[in-house]
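In the two complexes that follow, chain A is the common piece, with chain B as its partner first and chain C second.
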Partner chain A sequence: MPFSPAEIDYLRKSLQATPTIRPDAREPNQFRPVDAAQNFLPATNGSARIRTSDGGECIVGVKAKVVKNSSVDELIAVEVDIDDIRDDSPLPKLLSAVLQTLILSSIDTNRLRLTRSNYAFKLHIDALVLSHTSFPLNLVSLAIFLALKCTRLPLLVSSANDEEHEEVPVFSDDWEESLALCGGEILANNSGSEAISWTPPLVFSLAVVGNNILVDPTHEEESVSDLGLIMGWCNGQVCAPLRIIDLASAGGNVSPEQLSQQQSMLEQGIDLNMKGTSRKLIMKAYSLLTNTAPEVVAALDATADEEDGALF
Partner chain B sequence: MFVWELSDTSANCDSFWIRRGRLGSDTGTLDQTHRALLPSYSSPLTQSRHEIYSPEGLRTDGRRWNEIRNFDCKINTHPTSADGSSYVEWGHTKVVCTVDGPREPDNRQNTTDRAVISVNVNVASFSTETRIKRQRNDKRLAEMNILIRQLLEEAVLTKLNPRTQIAVNITVIAQDGGLLPACINAACLAMIDAGVPLTDYVSACSSGVYSNNALIDLNTLEEQDVPFLTIGVIGKSDKISMLTLETQLPMASLEPVLATSLSGAHAIQDIMDAAVRKHGKHRLERK
Partner chain C sequence: MTDRRRVLGPADAVPFTLDNIKPTEVEQKSLDIGSIFVKTGVVENANGSAYLELDDIKIVAIVHGPRPMRGLFTTSAILNVDTKFLPVSLCDIESKSAVVSSTQLTQYIRSASTTQSSSLQKNVSSYVHTSLLPSILVEKYPKSTIDVSISVLSSSNNTKTTVAAAVSCAGAALADSGLECTDIVTAGSVLLDENKATVSPSRAPTSEIDGVVSYMAASKKIVGMWIEGGNVSEKQMEEIFDKTEEMAREIRGVMHGVLLEQ
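Now for the complex of A and B:
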């Protein structure tokens, strides 16, 4: 729904104020409450569902496939499918690309290796966005995090050494013996190195309004934002991708008239001066994320430990 | 019991999918001669074979001929994102349905003196045992959309909401046979949740025939081996409003198969009615 000039002005001014006043009275680094479920699809290796309070919902299924002679870059395939948006349009492609690079750069691919030279697991991570109002990146990222957390891979019972003669991988019949993808055991088994567990990466979209940076922006906040930042978080630190996007139009929910309205608002009253402040802003976003992301990871870990199985 | 199976999907054996499937009471359904011919189950590269209907009258998943799988349904599962929503879990088939409307149509040229129903079925690529990426213009899905739309058009009192649109979005997140009937049942529940006026419950059920035995509510394994049809009914009448049959079915079996499907569809209506009443009671108590 389009906003009137008065509404846009009110929203912008309150979001720009120090300290910022968000319409739902959240702190700048506070997420909206999410509702999560895990491991409800027995036909997948891992599955998760995330629902936000504005009705945004995403279901993720992870499927493992045994592949032969494939390069390391091909072992993770992320596909984001957004209801009502064609697969080849820019938004799903952007989300898939961002998440795929992030996961590939964060995972030690030894976790997916089956035999020394030929076979490996390929993870197909499919995210289905059933509905969304704000930019769906946060939603998809949280759901993928939870799905990877509960992903389990079957135990290899045949020999992993196939350097001299061909060895076709054979797996244990017992699902109880399967190994968690994120656990340390799988890495120790496959590469003989230390048992280090893996925390899947997250990616956040932040809205910049004036000099304020807002975590988990709602649709209203996005539509008056100057710009959006995409920042990754893996292995306890902020990481690539770092991208600047136009959140006000990325969700596809803003009409051209609205945009021009905002434009004129910006030109009249508010000094954008992005060039001068952008470096400072990015540093600010960096420190904000350094403080917030560990809390998000801890909250998600707590959900992951809960009982699983039911979808609704 | 859970088992791991490896099944070849490509001719050159370069890749194969891992299936985590549930075998029924496999030892009870195979007789000795059968077992001698089959390789042992412990060998992971063999595709296990199942007996569709054992002499003792049990199917691969341990059901009798007239037993449907566990049908679990909920309505109003997505109160914030849609006008009406439902979730149907039928055996291992899981379907989420949301209904938007009656609302102002997207395209004002399409307005008529009745409500226009549009149906969109979206199948998740992880819903099947082997991952299949479905295209949006998949012909089978397009056909399903039309079948569901035509059935709903018959049940919905479209004349009461002229110049409006009702959008039905169905998302399939897991499938194990009975996809079309599960979608129809989910659509009916979501319609009820959205408050769309209906003449009566709409329900669907499939059944097939195996050596003169009618089998109700087939799962994927049975659908692959057995000729079957799906019917849709409105209310507890004998009037069949939708019927699809894509395999060759002996003429003599048509009548028992229709009767079985019909009783299945009627039984589903009772379960759906109970779920709707339960939700209604819950809503009244909350007030």
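Now for the complex of A and C:
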């Protein structure tokens, strides 16, 4: 939806102010309220749905498949599908690539190993964005986090040692005995190492407006932003991928009217074009994320605990 | 500049041949960005063009524009970036020398070009687009498009170094085109080991952090960033910025020399 010059000017000025004034009166590091549900798809190993207050909705299903002789890199496959957007357009490609590399770099693949040399689980993480108004990365990331949190894998009952003779994995029929992917037990079973639980990674998109950094930007905030930052969070630390993107055109999906509208802003001296950022601002975003992300993780963990046991 | 509507092939084109390929392993010094060669104005029928060599990397960037745009009215120019990795540039050197017959080579090239390159090309194009856009005064060119096409003739094993070279080369081509710009964009790449940082790395990362950052060196602005590979501490962030800025400055220095000569 294109904005009028007056709206753009108002948004830009109030967001640039110190302290920043967001249209919905949020703090710069405050997320919009989300509505989450887990384990609602019986045919998957784990699933989640997230809805935001602006009508954005995303569902994620995680399915595990036994694969033979695959390389470690192939054990996670993330596929993001966005309603109304072609599969091969830049936005879903970008989201899939960002999330896949992030999850691969944070997971200990021993969690997915079944036998020592041949078999492993491959996780297919499929996200479907049903509707979105702002850049959908936050939405998809939160939903994937919750889906991974409640993902359970069946218990292996055959031997894990297939170094000497071939062993085809056989699983326990009892779903009560299944192991949580994020729990410590599964890692201890598979690799004999210590039982360490895993917190799935998150990735945030932040908008830079003037000298202010805003988390979870809405569509209005994005359209007046200088640029967007993508930052990952795993194991209590900021992590790659760290990227600068152009949020104002949200992955190259601007409609022609929107574009010409924005251009007419420029004519009137309202500067919309992104003009780069400074190192100081990126470091500011870094410390903002360091303070905010643990709270987000804690909030999501609480949701996951509440929902636990809701399976089937 | 006569014909702004069509892209004609260069009049002095020669076929590209592959010979004398030998795999080489050279220990890289941490502060050495490698040898650079930049030449602008290499393509006659384009508005601006540049050729850049950075060790094994060879890149040509061509700028066409401002070109009139049909059908759509805009009050400022639209930038399009198209990156092409030539199929041969994608096979790594060892496997290239292992391939014996020419049919095998063709097959190899075909498979390499379809599987790896399409998403890489899209990623690189969008990165270069984000990096270049802030430097161009697009408001000065209403109703037009600016098309930048980048051909990677030979790439290094490290994608980030190749991307850094592509950004710098496109920056030089823009400067050569005479389009109104606020600054020239150059980029630097870095690979962080546990204890040392390699500027302009030539090997692919295994699990280390590697990244490319684009700068407008004169106005001290960061215009693009792409970092991958695990957790990044605050100190490492600072180090990435320090090293990439150093490399971007060095390339900028070379570019100044080249542009002043003309």
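The definition used in the following text is that the second predicted complex is superposed on the first by the 279 of 312 C-alpha atoms of A that agree within 3 Å, B and C clash if a C-alpha of one lies under 4 Å from a C-alpha of the other, contacts with A are read in each partner's own complex, and residues count from 1 in each chain.
Please note the rule applied: a contact is a pair of C-beta atoms (placed from the backbone, for glycine too) under 8 Å apart; a residue touches a chain by one contact, two chains touch by 3 or more.
These numbers come from a predicted model, not from an experiment.
By the document's definition of touching, of the two partners only chain B reaches A:Arg86; chain C does not.
When the two structures are aligned on the shared chain, A:Asn69 is found in touch with chain B, with no touch to chain C. In the superposed model, A:Asn161 makes contact with neither chain B nor chain C.
Within the superposed three-chain model, A:Trp175 lies in touch with chain B and out of touch with chain C [touch as defined at top].
In the superposed pair of complexes, A:Thr101 makes contact with chain C only, with no contact to chain B.
By the touch criterion defined above, A:Ile282 lies against chain C but remains apart from chain B after alignment on the C-alpha atoms of chain A. Shared contact residues of chain A with chain B and chain C: none. Partner chain A is touched in their complex by these residues of chain C: 72-76, 78, 119, 122-123, 126, 129-130, 133-134, 138-139, 142, 207, 209, 211, 216, 219-234, 237-238, 241. Those residues of chain A lying in contact with chain B across their complex are 40-45, 47, 53-57, 59, 61-69, 79, 81, 83, 86-87, 124, 126, 128, 130-131, 154, 168, 170-175, 311-312.
By the touch criterion given at the top, residues 2-4, 6, 13-18, 20, 22, 42, 44-45, 74, 77-78, 80-82, 87, 89, 92, 94, 96, 98, 122, 124-129, 131, 133, 136, 169, 171, 173-174, 176 of chain B touch chain A in their complex. Residues of chain A that touch chain C in their complex: 90, 93-94, 97, 101, 105, 227, 229, 234-235, 237-246, 251-252, 256, 259-260, 263-264, 266-267, 273-279, 282-283, 286-287.
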